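Same chain, two partners: chain A is paired with chain B first, then with chain C.
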Partner chain A sequence: MGDFTFFLETTISGLMTGVMYSLVALGFVLIFKASGIFNFAQGVMCLFAALTLVGLMEKFGLPAWLAIIATIGVMIVLAWLIERFVLQYMVSQSPIILFMATIGLAYVLEGVGDLMWGSDVKLLDIGLPQGASDWMLDNFNIYVEKLELVAGVVAAAMVAVLAVFFQKTRIGRALRAVADDHQAALSVGISLRTIWVIVWSVAGIVALVTGIMWGSKSGVQFSLSLIALKALPVLILGGFTSIPGAIVGGLIIGVGEKWAEIYVGSLVGGAIENWFAYVLALMFLLVRPQGLFGEKIIERV
Partner chain B sequence: MTEHSKKIGDPLLKVDNISLGFGGVQALSNISFEIREHEILAIIGPNGAGKTSMLNVINGFYHPQQGTITFRGEVRRAMRPYIAARQGIARTFQNVALFKGMSTLDNIMTGRNLRMQSNFFWQILHYGPARREEIEHRRRVEEIIDFLEIQAIRRVPVGKLPYGLQKRVELARALAMEPELLLLDEPMAGMNVEEKEDMSRFILDVNEQFGTTIALIEHDMGVVMDISDRVVVLDYGRKLADGTPDEVRGNQGVIDAYLGVPHE
Partner chain C sequence: MLYREAGQFKTSYEADQAVFPIRQDRWVIAVVLIVALAAVPLVIEDYWTNAVMLPFLVYALAALGLNILVGYCGQISLGTGGFMAVGAFAAFKLTTMFPGMNLIAVLLLSGLVTAGVGVVFGLPSLRIKGFYLAVATLAAQFFLVWLFNKVEWFYNYNATGQITMPPREIFGFLVTGPAAKPAVKYLFALSFVIVFAVVAKNLVRGRIGRMWMSIRDMDIAAELIGVRPLHSKLSAFAVSSFYIGVAGGLLFTVWLGAAEVTEAFGIDKSFLVLFMVIIGGLGSVLGSFLGAGFLVLMPILLKNFMVGGLGISPVVAKHVEITTMGVLIILFLIVEPHGLARLWQITKEKLRLWPFPY
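What follows is the complex of A and B.
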C-alpha cells in the first residue's frame, strides 16, 4: 500500500471521527446560542438518548423507526421537564449558576438512564450499514467504514436543516433574538419558556443522532457521555456560538489527532490521541480566544 | 399630514396606587395616573425618581407589591411582558436593547413575530403560505423603514451602527408591532440637537399618522414641553404633579424638585 493511500485513509478516518465530535459540539452550540448556558449535560443527553432507543427496541421489541420516533418524543418531554423544573427558576442568574445546574442535570440523567435501562454495554443496531465500503475499496483502494460515510451524510443534512431553521423561520429568528438579549426579546412578545423548550428539544434530537452514530460504532455504554469532553476543545476551536465553527472545529480535531497519532505519536511514546485536542485548544486560547468563527466581542467605548 | 385628526380620548391605561420596592429601597410609592388614548404623555423627574421602574411595571418586567394596572378595561395586579406585547404595548429601552448580531431588517422583523401565523413546516420549506406571509410582513417592515428613513442601513448588523441610528432601529422594531401604546425610555438620550429634532419629528408623526398613544421618559425639558400633551412628574418614587406642560411648569413642587429648595 502506498504512502499516499495510507495518508488518505488516515485523513478520511480522522474526518469521520471529527464528524462525530462535530455532532456533539453542535448540541452545545445550539443551547449556548439560544440561552447562554454551557450545557454540561449534552454528553449525557447523547448517552441517555441512545440508552432509551436501545431499551425501547430490546425491552418492548419496537422496530427501529418506531423506537426512534418514540425516543424523539422522550427527548422533547425531557426538554419540557428541564424547562419546567430547572431553567424556569434560573432566569437572569449568572452563567456559572446555570452551568452548575447542568452538571446536576448530567448526574440525574445518568442515574435515571441507569435505573431504567441498566448499566451494561449494549449493542445498538438500527440497521445502519456496517463494514467496509466495497465501492471505495474497489475504485480507490481506500478502506472506509460504511457507517462513517453514513454519519458524514447525516451530519451534513442536519447542519443544512438547522441552518435553514435558524435563518429562515420565525422561530429561528426568535431563537437568535433570545440569544442576543432576553429583555428585548420579551418586549416584542417572544416567550422565553417556549423558546427554551424548543431549543432543548432540538439539542435533544441532535443528541439522539449523535448517540445513534457513536452507539452503532462502539456500543452504548457510559463512556459515550465522555465524548462531551472532546467537544470542549472543538468548541474552543470553532467558537461557542457558531454552527459552522462546531463542524469545522470537529473536523480539524478529528483529523489532527489521527495525523498526530500516526506521524508524531511514535516520537512521544504514543497515546497522543488522548491529549492532542486539548493542547491544540490551549494554543487557540492563547492566539485566538474567540475561536475560528466566534463573534469577537466589540465593546464600544 | 394628519390622517387621524388628533383627538385625545378615554384612558387607555390606568395605574392605581402602584407601590414597588426592592429590599429596603422604595422605587415607587402609591403612584396613580392614566394614559389617554392618542395622547403623548411625558414622564419626567430627576435621576432615580422611578421613571424607568414605572415603565417596567407597565410592560410587566416588574411586578408591583401593591396596586393595579388597568389596560383596555381589564384590571390586573401585574402585567407580564408576553401579555403586554400581545395586547399591543411596545417599548424601547434606556440603554438600547437590540439584537446586535442581527441586521436592521431582521431586528425589525422580530417585531412582526407575534403576527406571523403560518405553519412551521411551510416556513422551513420557505414556500406556500409562509412565503406569502413573509412577503406581506416584509412589505409592512419596508414601510416602517421608509417612514424612519433608515433605508441605507437595512442589511447592516445593528451592533455596528452609531448610537443615534440604533435608537431609531429600536423605535422601528417597536413600531413593527403596530402597538396601541408605545413606551419610550429616553428616546433622545445622548443625541445631538439635530438628531433630537429628527426623533421628535418621528414621535409626533407616529402619534399623528398612526394614532399611537405614546408614553415617554425624557430629560430634555425643551423637547418635553414641545411635544407632549400631558406631563407626569415623579420624584423619589412619588408623584409630584400631573397636568399640561404649562400647568406643570408653574407647579411649585416641581420647581423645588428640579432647582432645589433654599435652606433657611
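What follows is the complex of A and C.
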C-alpha cells in the first residue's frame, strides 16, 4: 500500500510539473502557429512577467489584482514593441534567422528585467494557497500541494478559454487563417501585423500565468527562464502546431521525468531529469517525426 | 583602384582554381599570416593570450566546425557545448593514460573520438529535420554534460570533478600548464587553426562540400540526382564534430588548463558558437573567423568601456552587457542576415569599382 501511495504521489507531482511545462509550451505553440517563429524567448518572457509583477507589488505597493492587470498591460506593450522593432523587419527571413532573433530578444528581456528590478531571488505571493491539501490527505491519504492543484485548474481554464477564443471569435478565425497560409490571409484582408501583436500579447499573458505559477512555487529567479528549454521536448512530443499536443506532451514529459528519476535514476547516479525528457522526445521522433498531434509533414519537390 | 583583377591572366587550371585567385587577396593573406605568425608572438603577453587570442582561436575553430554542419550542410545543432566537452575529456583521458603521447596526436585523437560521438548523435538527422533536429541535438548536449559529471572514470575519480591539464612539451617547448610561455601557447593554437582552416576551405569547395550544399539547399532534389543523404549528413556531422572536438581539446589543454564540465561546456557555449556562425556568416569559412572575433572582442570592449570608461558598477555593467549583446544580435539579423562575411563581400565589390559609383 505504501508503495502504491508513493507511486500515486510521484505520478501526481509529475502531472503537476507537466502542467507547468504545458503552460510554457502553450506560449510557444501560439506564436509558432501564427507566425512560424520558434520563440525561444518564451521562457524569459515568463521571467520578465513575473519580475514585473513582483516589482510592481513591492516597489509601488500595488494590490495583487491591480499589479496583475498592470503587468498584462506591460506584456501587451512589449508585444507591440517586439512587432514594431523586430518582427516587422524580419518578414520572409529563414526560420533559423528568426529563431536567432528571438534568442537575441531573450538576452534583451533578461538584461532589462534584471536592470529594472534587480537579479536577486524574489518571493512571489499573490495569495495563492500554499502547503499540502488537507482534503486530499484526509480522503485519499495522498500528499498533494494545494498550489499544484490550483495550477492544474488554471491551466485547464486557460486552455478552455483559448480554445473558445480560437474557434468562436472573429480574431481567432483570423489567427487560424494566418497560421494556415500567410499570403492567403493577407489577400482576404487580414492584417498580419495586428495579428502578430495580438498573438504575442496572448503569449505574453500565458507567460504571465506561467510566471505566477512557477514563481509562487519556487521564487522568481533566473532559472525560471530555463524551463523554456524543458518545453522544447514537450513541443516535439505534442507537435509544434497543436494546443492539445502541448498539454498532453507536457503531462507525458512531467510524469515520465519523475518516474525515470525515481525508478531508473537511482540506478545510474541520479539527476537524469536533466536529459531524460530530451531522450524521450528523441526516441519518439524516430517513430513519429511530426509529434503526437502535429500535422503530417508533406514534402513537395 | 588598388583592388582590381584586370590584367591578371590565368594560363593554367591550377591558377584558375586557386583558393585566392586575385593577387591582392594573396598579398593581404600573406601579410595577415606574417603578422600573426611572426610579429604577434614577439609582443604578446599573458593577458592578451588568455583573454583575447586563445579564446578567439579556439572559438574560431569551433565556429568553423559548426559552420560546416549548419552553414554548409543545413543541419541545425545545439550540441556544440557537449561535443566540445567530449573533445576536452578525451584529451584529458588520453594524456593522463599515456603521458608520453605527443600533444598533437592527443588532440587529433580526441577529435576522432568526438567525430564518432557526433556521428551517433547525427543519426536522427536522417529522419528528422530543422527545429526537431535542433531539439534532438539538445539531447546530446544535456546527456553528455550529465555523463561527464556522473561517471567518475572520466575525471580520474578526483574529489572536485574538475579536470586539470598536466604540463606537456612539444619539440622541447612547454605548451600546457601554468608555466608555459604565452607566445608558445598562442603559436601552438594558431598552427592548428591555420591547418584546419585550409583543410576546411578545400573540403567545402570540393566534391564533399558540394554534396553537403546540395543537401542543404534541397535534400529531396539532391537525393534524386544521386547524392546519398546518409553519407553526406553523417560525414558533415563527423567532420564538424572533429573540428569542434579539437577546439574543445585546445580549450581545455592550452587555453584554460582546467575545466569543470557544467561550467565550461554548458548550453551557453552551444548558443555562443551558433551566434558566431550566424553573425559571421552561414556557409563561409572567413565568416567563422569574423564571427568569433566579433563575439570574443565585443564583450571585453563593452566591459572595459562601461566599467573603466563610465565607472558603472560591474553588476550593472553585466546586465547592460547582456542587453547590448541582445540588441546587437537583433540589429545584425535585421541589417545583414547573411553576416559579416557578406558585408566583406559587398565591400570588395565596391572596392573594385572605386572611385567610380558603377
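By definition in this document, the second predicted complex is superposed on the first by the 297 of 301 C-alpha atoms of A that agree within 3 Å, B and C clash if a C-alpha of one lies under 4 Å from a C-alpha of the other, contacts with A are read in each partner's own complex, and residues count from 1 in each chain.
FYI, a contact is a pair of C-beta atoms (placed from the backbone, for glycine too) under 8 Å apart; a residue touches a chain by one contact, two chains touch by 3 or more.
For clarity, every value in this text was computed on a predicted model and none was experimentally measured.
Colleague: According to the stated criteria, A:V29 is in contact with first (chain B), second (chain C), both, or neither; which is it?
Modeller: A:V29 sits against neither chain B nor chain C.
Colleague: Of the two partner chains, chain B (first) and chain C (second), which one does A:T169 touch, if any: first, second, both, or neither?
Modeller: First partner only.
Colleague: Look at A:L224 in the shared chain and tell me whether it touches chain B only, chain C only, both, or neither; answer first, second, both or neither.
Modeller: A:L224 contacts neither chain B nor chain C.
Colleague: For A:L251, is the partner it touches chain B (first), chain C (second), both, or none of the two (neither)?
Modeller: neither
Colleague: Figure out whether A:V206 sits in contact with chain B (first) or chain C (second), or with both, or with neither.
Modeller: After superposing on A, A:V206 lies clear of both chain B and chain C.
Colleague: For A:M45, is the partner it touches chain B (first), chain C (second), both, or none of the two (neither)?
Modeller: In the superposition, A:M45 touches no partner, neither chain B nor chain C.
Colleague: Look at the residues of chain A and decide whether chain B or chain C touches more of them.
Modeller: Touching more of chain A: C.
Colleague: Of the partners chain B and chain C, which touch A:M75 in the superposed model: first, second, both, neither?
Modeller: After superposing on A, A:M75 lies clear of both chain B and chain C.
Colleague: Which of the residues in chain A come into contact with chain C in the complex?
Modeller: 38, 85-86, 89-90, 93-97, 99-101, 103-112, 114-115, 119, 229, 232-233, 235-236, 240, 268-272, 274-275, 278-279, 281-282, 285-286, 289, 299, 301
Colleague: Which of the residues in chain B come into contact with chain A in the complex?
Modeller: Counting only chain B, the residues touching chain A are 59, 61, 81-82, 84-86, 90-91, 93, 97-102, 106, 109-111, 113-114, 116, 120, 123-124, 126, 159, 163, 173-174, 177.
Colleague: Using the touch definition from the top, list the residues of chain A that touch chain B in their complex.
Modeller: 161, 164-165, 168-171, 173-174, 176-177, 179-181, 183-191, 295, 298, 300
Colleague: Any idea which chain C residues touch chain A in the complex?
Modeller: Contacts found on chain C: 70, 76, 124, 127-128, 130-132, 135-136, 138-139, 142-143, 145-146, 149-151, 218, 220-221, 224, 267, 271, 274-275, 278, 282, 315-316, 319-330, 333-334, 337.
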